[in-house]
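Every chain is named by a letter (A, B, C and D) in the order it is written, and numbering of its residues begins at 1.
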Amino acid sequence: MFPKSFMFGASLSGFQFEMGNPNEVKELDTQTDWFVWVRDLENLLNGIVSGDLPENGAWYWRNYEKIHQLAVDFGMDTLRIGIEWSRIFPSSTKEIPFGEGMLEKLDEIANKEAVEHYRRIMEDMKAKGLKVFVNLNHFTLPLWIHDPLAVRKGKPTDKLGWVSDNTPKEFAKYAEYIAWKFSNIVDYWSSMNEPHVVAQLGYFQIMAGFPPSYFSPEWYIKSLKNQAMAHNLAYDAIKKHSDKPVGVIYSFTWFDTVEPNDKGIFENAMWLANWNYMDQVKDKTDYIGVNYYTRSVIDKLPTPIKFQDFELNWYTVRGFGYACPEGGLALSGRPASEFGWEIYPEGLYYLLKAIHERYNKPLIVTENGIADEKDKYRSQVIISHLYAVEKAMNEGVDVRGYLHWSIVDNYEWAKGYSKRFGLAYTDLEKKTYIPRPSMYVFREIARTRSIDQFKGYDPYNLMKF
Amino acid sequence: MFPKSFMFGASLSGFQFEMGNPNEVKELDTQTDWFVWVRDLENLLNGIVSGDLPENGAWYWRNYEKIHQLAVDFGMDTLRIGIEWSRIFPSSTKEIPFGEGMLEKLDEIANKEAVEHYRRIMEDMKAKGLKVFVNLNHFTLPLWIHDPLAVRKGKPTDKLGWVSDNTPKEFAKYAEYIAWKFSNIVDYWSSMNEPHVVAQLGYFQIMAGFPPSYFSPEWYIKSLKNQAMAHNLAYDAIKKHSDKPVGVIYSFTWFDTVEPNDKGIFENAMWLANWNYMDQVKDKTDYIGVNYYTRSVIDKLPTPIKFQDFELNWYTVRGFGYACPEGGLALSGRPASEFGWEIYPEGLYYLLKAIHERYNKPLIVTENGIADEKDKYRSQVIISHLYAVEKAMNEGVDVRGYLHWSIVDNYEWAKGYSKRFGLAYTDLEKKTYIPRPSMYVFREIARTRSIDQFKGYDPYNLMKF
Amino acid sequence: MFPKSFMFGASLSGFQFEMGNPNEVKELDTQTDWFVWVRDLENLLNGIVSGDLPENGAWYWRNYEKIHQLAVDFGMDTLRIGIEWSRIFPSSTKEIPFGEGMLEKLDEIANKEAVEHYRRIMEDMKAKGLKVFVNLNHFTLPLWIHDPLAVRKGKPTDKLGWVSDNTPKEFAKYAEYIAWKFSNIVDYWSSMNEPHVVAQLGYFQIMAGFPPSYFSPEWYIKSLKNQAMAHNLAYDAIKKHSDKPVGVIYSFTWFDTVEPNDKGIFENAMWLANWNYMDQVKDKTDYIGVNYYTRSVIDKLPTPIKFQDFELNWYTVRGFGYACPEGGLALSGRPASEFGWEIYPEGLYYLLKAIHERYNKPLIVTENGIADEKDKYRSQVIISHLYAVEKAMNEGVDVRGYLHWSIVDNYEWAKGYSKRFGLAYTDLEKKTYIPRPSMYVFREIARTRSIDQFKGYDPYNLMKF
Amino acid sequence: MFPKSFMFGASLSGFQFEMGNPNEVKELDTQTDWFVWVRDLENLLNGIVSGDLPENGAWYWRNYEKIHQLAVDFGMDTLRIGIEWSRIFPSSTKEIPFGEGMLEKLDEIANKEAVEHYRRIMEDMKAKGLKVFVNLNHFTLPLWIHDPLAVRKGKPTDKLGWVSDNTPKEFAKYAEYIAWKFSNIVDYWSSMNEPHVVAQLGYFQIMAGFPPSYFSPEWYIKSLKNQAMAHNLAYDAIKKHSDKPVGVIYSFTWFDTVEPNDKGIFENAMWLANWNYMDQVKDKTDYIGVNYYTRSVIDKLPTPIKFQDFELNWYTVRGFGYACPEGGLALSGRPASEFGWEIYPEGLYYLLKAIHERYNKPLIVTENGIADEKDKYRSQVIISHLYAVEKAMNEGVDVRGYLHWSIVDNYEWAKGYSKRFGLAYTDLEKKTYIPRPSMYVFREIARTRSIDQFKGYDPYNLMKF
């Protein structure tokens, strides 16, 4: 059983959900690195991006009331939404110095229409009884901060995104501005979503199709550091205006080793993938948002790779975790999602325990779900991952909620609309949202606050840990 | 929308559900052809049967209250159960002549314990608000009527099952006895389930593992005729004691032809598989019970095969309908069940129309479902087949209900427990029944009497006809 | 290196090779149990036989000169052919008593045309320098000895095939007659081919489509005993007229156990499958003909099955040996043939050693090959199995030759023409024989008497034992 | 039948074959763009290259005599080898002006040891009766001409490879120097191999792992133009010293369109992929070397893509030609190689006809083969592609020879040793070369100069066009 206070809900973001009509794309929609990235010729011709465009998406910007109602109808009490930085500040804020009078000056150049629209969205949530959980940055950066095409080609530019040392400060301005504007309505604050993914896929694992796909171990490290600094500054900035919890959302990965108890590589991997960033922000976070999808299985690298003061002594074994055939089976015998991700709920349990032990903060599962257009596995994913949460809670871990990714199908970055994570199916033509069967399972759980009625049926042996 | 009077429920049978504890098997459980068939050495050594035994099953005999409650909790208003002939009359009734005083004499040799237990079962159904739908024969025959091992080996025996010309009369005795005993509690009567399957798999398609697996076109025909006669006699017998509807349950197959509109083979196939039997009983049935699983795709046979006054001018094309790889895909791109049966709801629609047109009787879907242990497709099966039902109803076909096969996993004949058709999972060790996710979808539909909330999400294009 | 005396050749049989033109089928072609079996309605309708007919076959009866020339051109020095009993004696020989004057009386009723044609075949072999290796019985029985349709249906008949106690004597008459007629031309005699297969598939594993597919452990045992007696009688009969080696051809199976060194089941299996028959004939054989295709992997049966004085304490594990997916992979990772048989040459080595140790006789590999229409694996099969032979020879086993099954595609019993074992492809329309690529590899080996040139290339790790 | 003058042989290159011992890598081996490319951290960490290293390769540099003997033993009369530019001129030749005295000055800075070793190689070929076919450039460029790592990262560099306008002249110097040195021994000259691949994979289809993987349609065009100019200059340079035929080797692609006779896209594709380069060099080539592997199936692009004065109006359809699953099946039902390339011999026939018609030059098939470690398809590939050659010759196309790629397994660029194209298997540990079964088929054909003996056996219907 989950306590009454435990949040059941879903997570959304700005770029992936807001747009939905190519005829209504305004200049404001076009000012992010991702907007130009997904229509770049090099990316398109080489299959680096899908060719799908965000303006054909779920259209939350227009249909937010319908989506909020859907949430309520299916037992949710919380929605996490994203604010798109470039909508609020489509042009540079660099000229405005930090300090006295900053907010008023920012207000002059801020896009008021966007500010007001976000308020309408939040007010509708409140009116429907939903807690307002706001995340300030989810991958996308304003073009005046990041020019990914120039960066990739090695062209001279100062728009280096998080690699620029002044980006954290600009972020803090934006964060404080939002806090100033919305402190009276927001229930939960998050600075940013998955900073490590931005750094790792942008500068290290460059085949994933993330901007700028420019290999540079130095920049990988710098991007991560600057994102940590940005969070810390934003935390203080928000706290000036709001007494609600401020946290950060991070995509944690659990690691299993081929050799049992191979601590040497386990700790190296856990540190690189999880603790490195979190340690830098741990004093400025009221809770930790835990995004979880699957594990990695790793083995020892014959020769460790060194860069800067980092050392990498392991590699990922194919056939498990994130490295499975799309829509196939993991070598564990478990199904893999349409993304090729193994269903591995025990990883969430292990991580909740480990994060709790290391940081002793309240935790919220801020993302969990599966790319599963046909809804073959989603019910089991929900049940089994909540089993992991419940087990951790029973053992003393303070988990405050479970926000599913996501309520409706949306724009999955470089993969476009081919990867469908929605509890409800999004008809991209008609802009309708039809609950998949699993959404009724979600409702059953949210309403009863229990998964006991599902225990005993475990077709993939997901709940045997 | 389905009308208030439309029945939502599930179907069960005797042999497949009742037993559940090897330590409680009594002599009475052992008196059917199937009981000896599934433990015969020839069958076991050659993989003709699974090796699973019915006494390890769902244990409805003991747990009927739990299963009835499950039905009620998930929106069902009707359950179809089976009465096991050999339990009521474990020894021969041949000595008792038809006519005056027959019932009292039958009562002397009937197994009272079984009669009373069936009454307790039905009373519990009533108490819980469930309509009582009783079917009198579902494949199994008492051993004193059918000795399948002797028949298969060509050994001299008069226990030829439905091939014996006196079996219809014995059946009528049994039917009248049951009607006499239970007329005050039963809401719907059915004489028998899928007579054609018994004839076809017993004497024609002998690789399916059904007793007696003795190829004989003559006996195939005779078995079918005698089962028709048995139904007709039973109809009159039941009507003497009950004014409730009496019908027959038949497994209809829809046929698609490789060449479009190949009437020559279509009509031959429809007649052989569907109309031949039904035409013989059409004047003695108040409704027709329609079991539907999938279609057959057929093509013309270069040389027709003749036997008796029958002619077969077609053959089944592999890769469609019943002839798909287990757990794979049909050549249509649709998923096939763990039984290798294509999901093809349009066939149900076509059949309801055709049966309605030919017989103009009320119809009840008395079986529909899927072998799907992991519940990957069951929700879509329910939704799409109810779509077929609704479409037929909108076009004037009188359909009175939908009984899913089945409420819990049970004993699937020669395949044993490997084919799981339950809305709820049966834990065969603990004898517990845990609703699968799809059962919540069933509940949603039964409670709202609607599938509109699912329209628009159709991941396999099942609802485009 | 193989010695000069080592025979390289191929094996054929009568029924599978002789016929080839439906317009030339004479009554004489029709007098075997298999001829009626493969056109029986029950078998056809149930997919028990393929529907392919032997009269559309390779037409050796007419084209023997071409096939002999093909053998010579590709380095063969020996061909094993079969004589079809029912051709020589299309009607019963029972009236002719054993003893004085028997041969002359048999000669009166023998089919002279067939006798002369077989002589022409053998003379052509001799003329081309091929050794004449004659096998007297290969599965088929004359209809006057075996009526498989009656047997299967349990109809009263005295035509019980090898189950009849007088069949061995009839066989001995036939054998002596042939020896009398052909002793001046035959180089190697074999009484019969794979007696165990006839018994096992006829009376025990009845799903393989072999006549009479009538389950009876008693008859399985009796059939085997009578075939052993038949061999022993035939041995003496042939020896009266010929001083050439007389042997028997047996399909040996190697057994691996799931639990290492599981002697209890290993010895039971080896005895049942291999030694039981061979022990009965070991004193009447000048050599042992070893047919080898693959292994079986077995595991312990929880409860042993007893019949007569036999006990079966193991079962075959799916995914290995004979029990693999057709055209797929064994669970060992090795390819399986189009018959679903794992490529497992080490089994031949183990068997040659074991047979040598138990019987200390000269051995000849009388069959080995693969159903591989596209010739993907046949070269490796030849090389790796000759590696097994060479290794055994190097360790002291006396192996005298390797006869591939077969030189051209032929009629594979219940499977018809779908399983192609030929070194040369048979064009069934044009009756032409085109050497597959692997036949050039065979020629290279036969001419150099060596496989050394292939060692070092072992793409499936077949030669690592 | 192929005429006596028709060359049967194989093709090799420098970088892919020469090295073979990490302990003997000298500075001279390290001076190519590919040498640094395949050990770059970015490439390794992102799976852009295999991790295999060329210095573990077939070791032709040391073992050339063995490989030449292998060629002779298997019926070859010609070998095409490559000379590695950076071995001859490990440092820049830019300082030496074109014209009078150039050769002597080049001789001063040329690496004499390499020159002499190449002579030894050619002399051994001659001594064994092999025609010497020399190609001067096969993908690799000296590091002093091309710094692929700098180019990819957009770092300032003048080492732009073929994008530099002075590279053609440097190539001409190198070509003339080689012609001056080896004119008395070389039988066939080729300037370069597959210039279009270098341009296309370097600057357009950048996911193939070829240096510099820097997307730039402008540079794609420029690289192609400069390579054409380089060929034309080299042609004249060689002709000063040798009267033997000078040509160019090009990888032609055949295109099939989804819509039949879709000339609009067919001609666009043929021009871009084949004619654009060839038209620029057609007046300076004595023969055309045709490399052929498979086709592309293309369909119309809704919106054509323009760059410079080029227009691309088609895209490649997955599942055919080069775009098949590795080791799987093409959508045509034909097997795909381990590289995912459909076996499509008719494309070679169509191309030979089209090239002949457009240029009317003698043609030589300079590459054809398959990545097929286990040799499942190679025999059929050889037979069916020679069928295409023979058919074109019968229709008047002047084809002079067939050089298989390749005689032994070698280093397949970004894929390393995982793609094995050898007629003989290369044991990379022992540096031995074991003929695969298909090499005996090659020998049979080369010796008989005929494929007639294989006609009639066509398991994949490859020879039905």
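Here, a contact is a pair of C-beta atoms (placed from the backbone, for glycine too) under 8 Å apart; a residue touches a chain by one contact, two chains touch by 3 or more.
This one's a predicted model, so the numbers in the text were calculated from it and none came from an experiment.
Between chain B and chain D, the least number of touching-chain steps is 2. The interface at A-B recurs elsewhere; of C-D, A-D or B-C, the pair that shares more than half of its residue-numbered contact pairs is C-D. Each chain gets a centre from the mean of its Cα atoms; the one farthest from the centre of chain C is A. Note on chain placement: the centre of chain C and the centre of chain D lie 50 Å apart, centres being C-alpha means.
Between the CA-based centres of chain A and chain D the separation comes to 47 Å, rounded to the whole angstrom.
Computed from the mean C-alpha positions, the centre of chain A lies at a distance of 66 Å from the centre of chain C. Touching of two or more other chains is recorded for no residue of chain B. Under the touch rule stated earlier, the contacting chain pairs are A-B, A-D, B-C, C-D.
Contacts from chain D toward chain A in the complex involve residues 41-42, 45-48, 152-155, 204-207, 214-215, 217, 305, 307. For chain A in complex with chain B, the residues that touch the partner chain are 373-377, 379-380, 425, 427, 430, 432, 434-438, 440-441, 444, 453-457, 459-460.
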